[in-house]
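Both complexes shown next keep chain A, but they swap its partner, so chain B is in the first and chain C is in the second.
Then we have the complex of A and B:
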């Protein structure tokens, strides 16, 4: 690459970075007061006097963690079953799961609502946990990841007397650690940002997670909205910094499949 | 390098979440302290068309009273102040007003009317229904002073906290003395001790019943 090309590339990348970071910088700026009045009033309100915002934060964090952990665990077990046990209809089931994966979330809202209403689970946390934990994306993705692992590893472990759980926990999971972490991150971010499902399945506004609360908050209260937006950034940012190398490895593994 | 980065992120994340947890507890405590105490009454029925309310419940314009409405709060139900128009027919005695049948909720039930408050309130404020009888402004001031005097028992808790703070000050002084260390390590240590100071003062301050004027005007 010539020097001129590298200069243009740097300018292009810096411009792209500015475009991506500028909304966050604007949000930080607005959190200290709109229209030039610099004050910590919004921070005082959110962090010290009105506990509703922080309580919603902890609720959202717990909900997202449960969903991410549940989806990762179930997807791992499902993918291992698809890999290890060949029976009639396995490929059909996998194709159906891929089809459901492609469907947009808005299409499944009504059937889920009717089913959850029939089960008397509406207006509880189960309405958010169950559909997201049993989402097909993780199982399908991990199935394709596990197809790259040679069966000889599993057979060798079985010959040494390892049971199914031991093979899964001691052999398979360490080999797919990066994709598992990536799946956890993706499902955490997805559930942290979900808006349509809480609005549809939860009837009381006080049960809404922080992501929905930000949307329905009074638009005149821009400074408080900005502080709550920064609050929303904290868990996702920390998770990314902690797992960014595994995340990159996991995405690279996914592209290596192709 | 990966492990060092993970350790640093773990430390930063733990500090942030600990701070948020402390802020949650403190904000729950402060929101309780900011609640204005009110006395409420449903009035006394005189006949099918008239019933009586205390004179103190009528607002300055002579046409409105403040009522409380129950709504679901963060952890439990809370009471919000709302304004209701009333039509005063006559006044009997010095502290009773008689109002007509225009004053009912949609369910046909008489609402709870605020007849005394420990602090001026406005429409939309969240209040606490108190069982103690709220007196005049002078009586309320004396009550508040009595509450503050009773905090002296909690001040005893300040002694071990003062010892911890002195220890942290000593550590900060030691950090300042060791100037031969790398500058960024020194800055990180001082920030860490400052963070501990803030946490300790926040937790200790939340146990004190601070006057409403201080909490509102910070």
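Then we have the complex of A and C:
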């Protein structure tokens, strides 16, 4: 590949990257007051004088963290159970889980609504927590990851007298730390961005998490809206900057494995 | 014996929760779609589905959804494959670029909606809304597919390419005989993922266009959502079961292709 071609290629790819980032840059620019006067006024409003946004922000953060933690823990235990113990029907259950993994939410939305109505949980945040904690993605993915771990480690530990909890905490978890982190991140981002469930299950606009509230709210000032958009963007961006390798490698490995 | 019990005990929470929130709702859905009645439901067979296909809005939603899928899925796969191939040639800085391309997928829609409304507000009420949605979809998800293709491309040993060059293969020949067979299985995965993500694009359409958006982006999920308010369970269930059916058959077809391709390459 000649030098000139290589340079053109680099320019093309870098300009593509710039196009990809431009919406965010535009939003940052708008949040500082696009009318010409560069001011921090909108930031002042959102962060200091109107506490409503920040309250929603922290509550959404708590919700997403709980969902992500719950899903990671539960998937870890379940994948360990699937992999380690020979139970009948594991393959069938895994197949069903894979099918549900790729279905859009609308398929189960209505009956979930009826079920949660029956359980009297509708207007609380349990409706957002519970179905998401039991999402099948984590269990399926971790089961496949655990298949790459040799059985001998676990057998050796049990021969030395380790109980289930010890094997799980001291041996399995340290070995799959990176996929666990990736699962936590993916789960967090998915629940931070969820839109259909809050709209269907929660009836009051006040209790919407941040991802939906931003769009429903009646805010005329474009600058304040941009600042809120930035607010929504911050946790995901920070996580992404800090853990981008886990994200990229985790997703790439998941599909390169097969 | 005790070992098995421990295994069951560990797996039970997830299986219970999964059954409660996913499997049972799906079964209820199927039952609702083949029955009718308020209060006491009676089996009516496929009547609900027949009624659905005579519903104008449903046909519009179906047409739009298929149009969206048919245009966007091949486009995104081809574009991301091309970009992954290009990225492979400059592997030095590819990590940064890959990360940048992947970022839009994580961006919350709430942040994008305002921007899109400001820039393309007037287009959203016209037939160009479809183009806007397609562009949004491409922007959001192409990095994901680039990642997957790139990871797979890295696994091809470069000795194959060197051999081919020594034997005088052209660029296209190298692509057709070396690259394509290697990434063939991953293309199937990517298609399934692209379809899955295309259905997720309903969120953008909903947040940008509202409950009754312009005609060109009225998707299946809009149909389901709108009938939610009417508590018209039959229609919703029938439409949802239809979606389930489409997904099942699409996955089965792709899995079938994959198996056939494997068998053909083993011969």
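Here is the rule we use: the second predicted complex is superposed on the first by the 240 of 258 C-alpha atoms of A that agree within 3 Å, B and C clash if a C-alpha of one lies under 4 Å from a C-alpha of the other, contacts with A are read in each partner's own complex, and residues count from 1 in each chain.
By definition in this document, contacts are C-beta pairs under 8 Å (C-beta built on N, C-alpha and C of every residue); 3 or more make two chains touch, one makes a residue touch a chain.
As the structure is a computational prediction, the values presented were derived from the model and not from experiment.
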In the overlaid three-chain picture, which partner chain does A:206 touch, first (chain B) or second (chain C), both, or neither? first
Is A:108 contacted by the first partner chain B, the second partner chain C, both or neither? second
Per residue count on chain A, the busier partner among chain B and chain C is C
Request  = Mind working out whether A:78 is in touch with chain B, chain C, both or neither, as first, second, both or neither?
outcome  = second
* Which of chain B and chain C A:52 touches, first, second, both or neither -> first
Touched partner set for A:195, first chain B, second chain C, both or neither: second
Taking the superposition as given, does A:120 touch the first partner, chain B, the second, chain C, both, or neither?
neither
In the superposed arrangement, does A:238 touch chain B (first), chain C (second), both or neither? first
Interface residues of chain A shared by chain B and chain C, listed none
Per the touch rule, the chain A residues reaching chain C in their complex are 1, 6, 9-10, 12-14, 16-17, 20-21, 23-24, 26-27, 30, 74-75, 77-78, 80-82, 84-87, 93, 96-97, 99-100, 102-104, 106-115, 130-131, 133-134, 136, 139, 164, 189, 192-193, 195-196, 199-200, 210-215, 222, 225-226, 228-230, 232-233, 236, 240, 244, 247-248, 251-253, 255-256, 258
In their shared complex, chain A is touched by residues of chain C numbered 3-4, 6-8, 10-11, 13-15, 17-18, 20-26, 28-29, 32, 83, 86-87, 89-90, 93, 95, 97-104, 106-115, 118, 139, 143-144, 147-148, 150-152, 155, 185-186, 189, 192-193, 195-196, 199-200, 202-203, 206-207, 220-221, 224-225, 228, 233, 236-237, 240-241, 243-244, 247-248, 251
Per the touch rule, the chain B residues reaching chain A in their complex are 2, 5-6, 9-10, 12-13, 16, 20, 23-24, 26-28, 30-31, 34, 72-75, 215, 218
The answer for chain A against chain B in the complex is residues 44, 47-52, 54-55, 57-58, 204, 206, 234, 238, 241-242, 245
